[in-house]
Amino acid sequence: MRTRHVLLFIASFLAFIPVGCKRSSPQNANEMVLHHVIYTKIKTLDPLSLRDVYGATIMFQIGEPLYQYHFLKRPYVLVPLLAEDMPQISEDRCTYTVKIKKGVRFQDDACFKIGKGRELKADDFVYALKRIANVKNVSENWSVFDNRIVGLNEFREYTKTCKTAAEIDYSRPVEGLYAADDYTLVIKLTKPWPQIIGSAMADQVFMPVAKEAVDYYGKDIVAHPVGTGPFKLKVWQRASYIELVRNPNFRGETYPTEGEPGDKEAGYLDDAGKPIPFADKVTWTIIEEYQPAWLLFMQGKLDISAVPKDNYSEVFSGPGVLTEEMKQRNIRLETFDEPSVFWIGFNMDDPVLGKNKPLRQAISHAIDRQKFIDLFFNGRDKIAHGIIHPMMAGYDPNIVNKGFAAYDPNEARELLKQAEQIQGGPIPELKVANPGTDTTSRQMGQFINMQLEDIGLKVEILYMDWPTFQEKINTASEQMFFYGGFASIPDAMDFLDMFYSKNKPPGSNKFSYNNPEFDRIFDQASVMLDSPQRTELYRKMEMLVLEDCPAAFLNHRVNYVLHYNWYKNYKPNVFNYGVSKYLRVDLKERAEYDKLLKSRKD
Amino acid sequence: MPEIDTLLSVENLSTHFFTQQGVVRAVQDVSFSVKKSRTFAVVGESGCGKSITALSIMRLVPEPQGKIVAGKINFGGRNLLDLSKKRMRAIRGNRIAMIFQEPMTSLNPVFTVGYQIEEAIRLHQHKSKSDARDLAIQALQQVRISDPKQRIKEYPHQMSGGMRQRVMIAMAISCKPELLIADEPTTALDVTIQAQILDLLDQLQKQSQMSVLLITHNLGIVAERAQDVAVMYASRIAELSDCKSLFDNPLHPYTQGLLKSLPRLGFTGKRLYTIPGIVPEPLRFPAGCKFHPRCPVGCNDKRCQTVEPQLRSLDNGRAVACWFAPGYERPDNPK
Amino acid sequence: MLTRGFHLADNTQTEFKPPKGVSLWQDGFRRLFRRPIAVICFAVIIFYFALAAFIYLAEIFHWQIGFTLWSQATGPSYQPPCRENIFGTDIFGFSVFRRMLYGAKTSITVALCASIISIGIGVPLGAVAGYFRGIVDEIIVWAYSTLSSIPYILLIMAFAVVLHDKTIAGFKLSGITSVYLAIGLTSWVDLCRLIRGETIKHKEREYILAAQSYGCTNSRIIFKHLLPNVFHIVIIIFSLQFVSFIHAEIILSFLGLGEADKPSWGAMINDARIELARGVWWQMVAATVAVFVISLALNVFGDALRDSLDPKLRVR
Amino acid sequence: MAAYIIRRLLYTIPIVFGVLLLTFILFTVVGGDISFEIAGKNATPETIREIREEYGFNKPLFLAWDSQFVRHFKDALTFNFGRALDREPVLDKIKRGVIPSLSLTVPIFFGEVVISVAIALFVAFLRGTVWDIVAVVLCVAGMSIPYLSFILFGQYFLAYKWGFFPVFFSPELSIPQYVALPVIIGIVTGLGSNVRFYRTVMLDEMRADYVRTAFAKGLDARRVLFRHVLKNAMIPILTTIVLAIPFLFLGSLLLERFFGIPGIGYLMVEAIGARDYFVINAMTYISAILFVIFNLITDICYALVDPRISLG
């Protein structure tokens, strides 16, 4: 029967089914592996354009900047990493001279001669910054350096004149950025920038980059990070899995010997002075759904996990109290503030909202923040009464009483009446841009919608995917928008510069907020070192903003993290991502947990 | 006339179709008998139930709607309706063969002609593949297909309609059946071919002494080929007779109508007679005699409108179902 | 000598011609509505449409009728099914039952508009192609074989993604608009193909030739004479496609391309995805039931329709 | 035969052209400039300008040698789809997705065909009986339940509640492990429409005259069904089967999304979320090509099974 040929032919497709799986190196019992989860895919592992938190959590294990925030000490303090010591700062606080550790070597990689990692030179930093400045690289990090370093903007201009990326000459001198010698990096600033160490030198933008690597991998450098850090990339399956292994070239570093009071008792100093890293391997399973990730955690296949809002009742018997089940499983809870603030922003250039302060205030007062937090964050977050996060200098303890974030429908209605007078008629339907089309974002949208309708305000929530949202707010083409900020340094400047008129879209000032008074103080404060006066100015600025109400600030995120007891030395550190090297796994305990699960099965 | 023993006798056969619209009485107690090595014709308009009668004899009435609800079909001393499916299959295609109206579609397009003929042979005569092949070739020779060795390898679509009908016949006679049911064997073919096919059938009949049950709507064919005729109207037999006397002196008004409307040679001038009205829809059969609305005789007769006349055999060996047929009502006949 | 004989009109099939004066259509429908199941299904379908229409009116005239006010808390957040909320409540304490009813409006709107679009494109093109043949035919056939060479779901998605929230000619394709546009613009192919085939068959029929012979304009022939005779196909396809459209809407809104802040069955099922974790199953069930009933009705009815109007038509 | 194939290949040229035109209109003319999407956060005007330059969004649409239309064609015909928004080469992405997708869809597909043809035969064999009716009712019911519900319930009960299967893809699972449940769900969901379709095909065949002839020959029902009917029914069945194959490469959008299987379906869902026209465009084009090819194969198969058709 002729049909058979055809069937055979079709059957040959079965050959496509591979049997078994080609997963990375098999686990052996006494190998120390950290099992992490990551809730989104990583775009790039090239410091050039690496901006997002998730990218950083990986990249900081592979590459290192000059400085880092101390692992244990609170309040956060900066300590040298690749730098020999803290920088020498000139009188005018514009010239920074940084000594770099000697004998630091890049990880071994095919891009180097005979595959051996060469020693780190100051030029590698210069090169890294010039790469970011190079317009052809369309770096997302350029905004960090714009108009900061003498001559760097000129270099950028020069790259614009070049036709192709190939003909750009990186050896072209930049006045404010050069290596005095192999181990000395000199940086001249256009004007003082007190935050530079925290927000640049301890940031991925200051991770050294070996030119060899860039030349060798070309565009694929995004997937071939070559760093000096404790680990190096072994496997990166974009959709599913990342695996780092110990970097044999890593210079001898040791576990810190001092921390904040109480760390000793908490056992954070048990490993004091021991050589790090402890782990042989660090793995991240990429799972974009909370449920499966949660299940993996409960099976002990992950060491650490967030608490999905829909599993809240499984985990907590009361606020912050773990259930018996969790205790039996030897799971510990870490709660810590995230230096973040979330808000619904107003576009101040918008004809309706811009000129109508009562309207903005009405909206702000119409939102029941507590209910919002209860519904969507199981009530764990903190209400954002102001902009500056409680953990930061400049936070005003009695800002609560100023009632900017008070939920007061009646007053809101009052304000709305005024607003209508200003508008000269009823307020037209307002559009709110909401990034994300998933369930939670839709429910948040509906919630805001309900609240505003409650005071008699018509709004339409526009749900859009993240890129579209980006475009809209970068072109200031939406009236209102959900947004949030996450400080990368413990300094309120990181928040306040979102209201600086020079940072208008596509800059970080998505509100297009413009207040000369504010700008004046900002300019003044931005060059000051930390001091009571500066704190005072910070408060002034915050007040100005809150008065003008360019946004309805909603909440400061509070993180709940669960981890197994075997996962040692985990101390939340919101400003330093390069912490895997300090972490240790008690393999015995883990083995026991597997036994526990087995015993439950049968 | 000389008495010849009968091969097949159908008694009070009724076949109904149970459709969503209601019960269609496609065949209502039909009785007739086919005599050995003679041709019995069933004639009638479309939908009068003649094809269903044929299928009923083969027990091929389309299931599940179609059902033989009553009657007997005696063949070779046995009532076919009592036979098990298995026994019946042994008779089908072996002792009773059938050929159908549509030679175009009645052959399986994806098998060679040879295969389809052999299939029957191997089934019934348990011959080896090669023997079956030889027999098949013989059969094709019998139906005068040139170069059968080649033809046997061909597929139906490579043949003309006439050819295919010959193949059908070859298939039918390949097992030397005693009865051949030919359901409108020529309708789908054009006139010249028709004659050939019919002649072929005649010869085959003569050779192998088989009886033929010829289903047709063509009185011409009946007159030429058949010895006995049953005229069916609206799923009943209107008149049953030997061919000659039917044409000489039709008893049933319907038959009369048919014959009147026949064009005869040398007949010129006046318009042809046509039976008024249309064939009734099986779901809406009129009460009484189903023909009475069109009947020139009984259209106004009370009894025709109310009581349906049964088929009664007259003393001259004929049978008819009409109140007004001469001799239909004799005092000794029960009312 | 009767060799030539004569023939009574003959075709030996067991199906029966309708009595005089009944058009093939009427006959078809007569047979259709003799089937109780078909009638029931039809009733169900009508009910859904009526519901959708009613909700529309309620919205336009701001009638304060309970079940149309889906955005009104009727209980605590995530209340399981109980007497006052048959299908429980969602995160805001809205009645899931009301959301379900409202979902009917969304789905019906999408499916209906999509059908209208696809019929509006498919039928004329099919008829024209079949009637004129030649280059016109070539082009139209090319057009639809191109479309059909792209996997359906991919095509729909591509359209939906591109059209989603686009402003074309000053008209904003918000949520649901882009959905039915995407579905409509992609799913006229089958219909077009069928109509074309049928038209080609009918073109040679006497009544068309007749019409041409007494000088009807082509357009008149197509629309007055041809279409009525092939229109039963449209009806059948319509009834069968409607289901797939409803399901497409669900999938699209699952992918975040659909109606965002109004309830729709797709959105409900999508929400249920996460909420199942907290044991909130009722949204899921409600939506499923709603979809199930209408689809079942449409499927069965569509089959019945085909059986009675054009048994030979085979659609997958 | 060869001549026929060549002719058919020529015939596919306009189709490919059409597909290219369509994708161009969709993603370039209507879709438009996505430089902001590419730029990501904190884009500055000049980076945008750079990107426009690099991707040629500033070029004229048609009617120019360096127009975007021409570029679109060049890229497509040379299978050069560039890099996705996440800077990974599109082709790499797709290549990576093929194996997981196929290991999901191929079992589903064959499971479905085998099972549903079997059931269809069985049902056709018992047509008119209670079983037949039950089967049909079940089919229609099955078709009427939304796909998503099937998946959700399956995942929730079989995996989440009762733990028969892993709930979600995770790297240390072997392919058979994480594919098992999706495959089962896939088969079940497809069964309804398939059985129904094959049943109609079978029944249509069983009404054919040659079946009556076969019975008249005295063949028994089994032989008629499996020898005569099945071989005829193979023709439409085969066409549907072969035509379904290109879709196998597409993977299953929803299943992969729900079970996190890193296949092409998942890739598509992501691409939608990220407005990654590059990926969607490439996928559309590739699958269209595949479809055209398999269309050709189908016709050849047709000729192989059906003696009435001869290629030439």
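Labels A, B, C and D are assigned to the chains in the order they are written; within every chain, residues are numbered from 1.
Criterion: contacts are C-beta pairs under 8 Å (C-beta built on N, C-alpha and C of every residue); 3 or more make two chains touch, one makes a residue touch a chain.
Owing to the predicted nature of the structure, the values given are computational and were not obtained by experimental measurement.
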| item | value |
| --- | --- |
| Distance-maximising chain from chain A - centres being C-alpha averages | B |
| Most heavily contacting chain pair (counted by C-beta pairs in contact) | A-D |
| Central chain (by mean CA position) | D |
| Distance between the centres, which are taken as Cα means, of chain D and chain A, whole angstrom | 39 |
| Length of the line joining the C-alpha centres of chain B and chain D, rounded to whole Å | 53 |
| Centroid distance [mean C-alpha coordinates] between chain C and chain B, Å | 48 |
| Between chain C and chain D, centroid-to-centroid distance (C-alpha), Å | 22 |
| Chain A residues counted as touching two or more neighbouring chains | 291, 437, 465, 468 |
| Junction residues of chain C, two or more chains touched | 256-257, 270, 273 |
| For chain D, residues that touch 2 or more chains besides their own | 160, 231, 272-273, 275, 305 |
| Chain B to chain D touching residues, read off their complex | 58, 60, 63-64, 85-86, 89-94, 97-98, 100, 102, 105-111, 116, 119-120, 123-124, 155, 157, 168, 171 |
| Touch list for chain C against partner chain A, complex | 71, 77, 91-92, 165, 256-257, 260-261, 267, 270-271, 273-275, 277-278 |
| In the complex with chain D, residue positions of chain C that touch it | 142-143, 145-147, 149-151, 153-155, 157-159, 161-163, 166, 168, 243, 247, 250-251, 254-257, 265-266, 269-270, 272-273, 276, 281, 284, 287-288, 291-293, 295-296, 299-300, 303, 314, 316 |
| Contact set on chain D toward chain A in their complex | 34, 36-48, 50-51, 54, 83, 85-88, 93, 96, 98-99, 102-103, 106-107, 110, 160, 167-176, 231, 234, 238, 241-242, 245, 248, 260, 262, 266-267, 270, 272-275, 301, 304-305 |
| Footprint of chain D on chain A - complex, ascending | 1-3, 5-6, 10-11, 13-14, 16-21, 23, 41, 43-44, 49, 51, 135-136, 138-143, 146, 160, 219, 222-223, 237-241, 285, 287-289, 291-292, 295-296, 301, 437, 465-468, 470-471, 474-475, 506-508 |
